[in-house]
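Below, chain A partners chain B and then partners chain C, in two separate complexes.
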Partner chain A sequence: MSLVDLMSMAKPNLESRDKILAKLKGIELVNCYQCMKCTSGCTALKLLELKPNEIMKLVNLGFVDELPSSDIIWTCVTCLKCVQRCPQKASPYHVIMALRNLAVEKEAKVPEGFLKAVSQILETGLAEPPQKIVTRKMETVDRECLKLPKIKFPKESFQAAFMKAMEEK
Partner chain B sequence: MKVAVFWGCCIQANQYAYEMSLRETLPKFDIELVDLRETFCCGDPVKSMNEFAASFLAARILALANLTGLDNLLVPCNRCHFTISEAQDTIKRSLKTAKKIFDLLKEEGLEYNPNIKIWHTIDFLHDFVGLEKVKKAVKRPLKGLKIASHVGCQIIRYSDLGRVDDAENPRKFDELIAALGAESVDYAEKLDCCGAALNRSHPDSALSLAGSKLKAVQGLNVGGMAVSCPDCQLMFDARQKDAGTTVGAKLNVPVVYYAQLLGLALGIDEKKLGLHLNQSPAEELVAKISG
Partner chain C sequence: MARIGVYVCHCGLNIAGVVDVEKVAEYAKTLPDVVTVKHYTYMCSEPGQRLIQDDIRAHKLDRIVIATCSPRMHEDTFRKAVAEAGLNPYLTEIVNLREDVSWVHIHEPERATEKAKALVRMGVARAKLLEPLEKHKVSVEKNVLVVGGGIAGIQASLDLADAGFKVYLVEKAPSIGGRMAQLDKTFPTLDCSACILTPKMVDVAKHQNITLLTNAEITAVNGFVGNYEVSILKKPRYVDEKKCVGCELCTKVCPVKVPDKFNENLTEKRAVYIYSAHAVPKIAVVDPEHCLRLKFDKDVCGKCQIACEPKAIDFKQQPERIQVKVGGIVVAVGSEVFDAARMAELGYGRFKNVISNMEFERISDASGPTSGKIHSPKDGKTPKTIAFIQCVGSRDKRFHEYCCRVGCMVTLKQAILAREKIHDNVRIYVCYVDLRAFGKGYDEFYTRARNMDIDFIAGIPSEIHATTDGSLYFDVYDKNTNKLLQIHPDLVVLGTGLVPNNDLAKISALFHASRSADGFLLEAHPKLRPLESAMAGVFLAGACQGPKDIPDTVAQASGAAAKAIDLLSSGEIELEPLKAVVDKDLCSGCRICESICPFVAIEMKPETVKGEEKLRAEVIEAMCQGCGACSSACPTSAIKIQQYNNKQVLTQVEAALAETCAEGGK
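Then we have the complex of A and B:
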């Protein structure tokens, strides 16, 4: 379903819009005047039909509630061209990140890759475990045989602090 | 001179060649790298789920750098560098968030230091070490080698955060390549994204972004591609075959880290630079160096 279909049945919710504005801490979403510089340069447009200007308009009008459960907010590649080029400093990238955070708060569907990364960080501190890799000549190597220093995993106090940080909204 | 270094996950978990080549090349410029007390995630994958937690992780890096007593921190990964820059900016802009972060750090006995200057490989070599010094150190110029440079997205955008180079026309990376005696060619797809950030949600689309760029580079008749980010290297080098499948092309493009090129020009042994770890045909690039 496209974003427009969702919108035709929805009612604006200004409270949800305020939630996004609060998360943006000074990024001027309301200044967007739909020049579409963001969408014309968007890396994810060709590939996954992300139209940042539509997201900006929907949020500005208060049609926020459908977006966190839409897959469209997970198509951004964070190339940051929209932030760079926005003449109004309205920054679609930041709005999309705020929507992703809202999706987590609302317990909407979050791509597994992100959940995995967070649980991996809780477990080891790193987002991915150190791997053995295979060279072009098919030899298997790891840090030790490459004479790289041992990884210094974080102390136990790290887990507690990170868990607390994840509870903040 | 001593400089603190934060490697991040990707480099320390599988992109060993980047770490090896930096550890080999920087001492030739009298730089001694000092590792932080711990390695952990910079916060990048966390940002999509909880921006506060991401800022906390990034601020924690600067708090650990503070323990070294050094003023300069090298962050060789584009994403880590961006996430730390973003956190620095958030702390400056929001007193409330800053206080929450500082309180959490205090629980571990850590203190945030706003005065630590962070560097990426590109501006570290270009501005801190100095382009002239890099030029002078070259023992084996990379004559005859044409390179397509890929500087990456997050290290040049967005300018308000203070990035290492101009957002629309970055030149430093090309100047660094030229300093080694190689030629950096301009091409239309130069600023296109590698797609790595889509790996967690749309892996096929991520590969097709990498594939289209590699296909363009293959048509340039260059010796290879140089990158300065572990995520970009992962997409263009380790996943090159799969990327080719998504765009219907048989790809055979040597992709190397700039630090590896630098090492070759300084006359360092290929194995010490981890050139055998690249999955793309790095030996074909080396063979194109004449003289």
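Then we have the complex of A and C:
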């Protein structure tokens, strides 16, 4: 291999890189010219130190082995600003999603919150469970006292379809 | 029986590195009527050409087949060489072994060699049917039309006029000067733009060979190279050009205020106005869209008419139609600046202190709205922090993919001007992706900017925010320090790029000049014919062909003028004989060819045959470019391209199919 990261002695894995590129139909990852627009505006940067531009460059160079098992790819809050504003249509969000899919394929550790969300959807059809809230007058209210209709939970056919879709992916 | 000579060129290793040229030459010897075959390293070189010429004389050759690079490259070279040896130059057939074979089949040399053989076979078969042709001469008008009165049009006009040609310079605006007239200083020397432009503008007005037509537009272009007929519409100024002295008494009394486009809408002008401080001609003009008298068509207002001492205001002025005959045309209509409001995240149009670089030019210009003092538009205060943001609308697939080629240098200049004008009391930040300072003296200019304590931040902000008190801030990640920085600027200047002129669709249709994918006008060849359009006699100058700075624009304008002089100076031009010809007996007058011809080279003429009036197609030879569209569309095969008639083409096709089962041709 002609390229080595002297800090970690890591070498590019072009096979995995091709796998990611194949997942990115229509996303022009290789065109990224590091203008920093994605990182400058990244919602997850200030708190969680996500630097989309760094991920873009690492994937472009082929340093992809560390990424699926790293925590950083799970910090993206999917605000999609980078998709909208990327001048090269290189779309860091889609690259991060491809890395997440690769992580699941490789059975790397997926943060608990994501697994919880999946079972939540499977059970209730909702990403978040219905909650009670506190108003400005400090009254605790729920759907019933607001006279909102009861939430219908999904039928078994939904769960079957959901499981099937997950397996296909 | 033809006597054919076949010459295979190695083109160094360009062809011979892939194609087995010796095998191709051996194969050519087996073809019928081939008398001699040679291969050589560089056929286009002097010894290579002499090889062909000697053979023509020694072997009494009457057809020459040269297997070499694209005919666009050297067809002319070889035709000339053949003519020198006493043979009609049109008895030469070029077979393209480079662009069509070696360059595209670089990884399969054996099959490339087979393809080369097949192409040579086709060339030899076709060569037998070539006919000797003669070039025709037509006389030309020694006048030139220049469209657009920016620095490109001004330079081209002056060069042409100095060379003794009569020039019609047509400008849409009420004054010449164009974009350059709006600029404060020019990079990399910081010459004052007006100081170097205004004398040229005056020269144009005074030159006895130049007819200056401002406030005018081209409405129709007919004819052909050397003999164009151009219709010009001169819109009414509602001011008598001969009487107006440019005293501006009228503008002082006009009650209507209109945003001033020359000042990038930062100030207001009146409905009767003088285009700019340096306008040429310095004659007032009434804006018919806003003038109360002209809008309401009644006896309202008329204050300017009363105020004007020389009685120059004339509301009854009518549009004037002017017809001119010219030999050549220089298109120099320039470009527009990108509308940053389209890039919503930067807040241009929402935040008053976010301005375009054109607005900065006006603010910095001594004759501009602030008399050259750098002020933030919102509060009129001197900014303490200025941020420049690069590549706005350029290098961006959402808007324009190309680099605007001037943005970096414009920003460096403006940053330096800001430092010179506000001294040490301002922090200046330039947010960039790549900084391109490629021209003569440009990188030194970049160094000068760094020496003046201008901070360069390698990163572009995602969005610009305003706090509740209206002050601006943005986050930008600097890739050099790996830090997320927040900047609170009092003035943000957007490095907006150059985009195709809004009129370019109209211009392109008028002059039959095609456009490239980026929307600018397309040159005939990106490297070898950058000053010409595909339409003979129509030349391109300046930013209408692609974004350009002033030095490049002036260079191209002088070049285009020289090209026009070259074309017209002898008073006549030679036309390629590879044109369409009509067999009148076969023509049914269906007009399909007329509708299909991209060069408007076909005219339908009535003719009386046996007492019946019929339409017949006729080719205007000077306009026909020999593209062959008419020939393939003609239902009766009445229209043919010289040297590409059905028999000549079909023989070639037959030769292509003759040995499809030969070895390698799987």
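Methods note: the second predicted complex is superposed on the first by the 148 of 169 C-alpha atoms of A that agree within 3 Å, B and C clash if a C-alpha of one lies under 4 Å from a C-alpha of the other, contacts with A are read in each partner's own complex, and residues count from 1 in each chain.
The definition used in the following text is that contacts are C-beta pairs under 8 Å (C-beta built on N, C-alpha and C of every residue); 3 or more make two chains touch, one makes a residue touch a chain.
What you see is a predicted model; the values in this text were computed from it and never measured.
In the superposition on chain A, A:Lys81 makes contact with both chain B and chain C.
When both complexes are overlaid on chain A, the residue A:Phe114 reaches chain B alone and has no touch with chain C.
By the touch criterion defined above, A:Lys51 lies against chain C but remains apart from chain B after alignment on the C-alpha atoms of chain A.
By the document's definition of touching, of the two partners only chain C reaches A:Cys35; chain B does not.
When the two complexes are overlaid on their common chain A, residue A:Lys106 makes contact with neither chain B nor chain C.
More residues of chain A lie in touch with B than with the remaining chain of the pair chain B and chain C.
Residue overlap on chain A between its contacts with chain B in one complex and with chain C in the other: 81, 89.
Remark: chain C residues 345, 391, 395-398, 433-434, 458-463, 474-479, 484 touch chain A in the complex.
If you check the complex, the residues on chain B that touch chain A are 9-10, 12-14, 16, 19-20, 23, 35-41, 44-53, 56-57, 60, 82, 90, 93-94, 97, 100, 104-105, 107-108, 153-154, 157-160, 167-168, 192-193, 195, 197-202, 205-206, 208-209, 274, 276-279, 281-282. Put simply, chain A touches chain B in their complex at residues 23, 25-26, 43-44, 47-48, 74-81, 83-84, 89, 97-98, 100-101, 104, 110-118, 121, 125-131, 133, 135-137, 139, 141, 143, 146, 148-149, 151-155, 157-158, 160-162, 164-166, 168-169. Those residues of chain A whose C-beta lies close enough to touch chain C in the complex are 28, 33-42, 45-46, 51, 53, 81-82, 85, 87-89.
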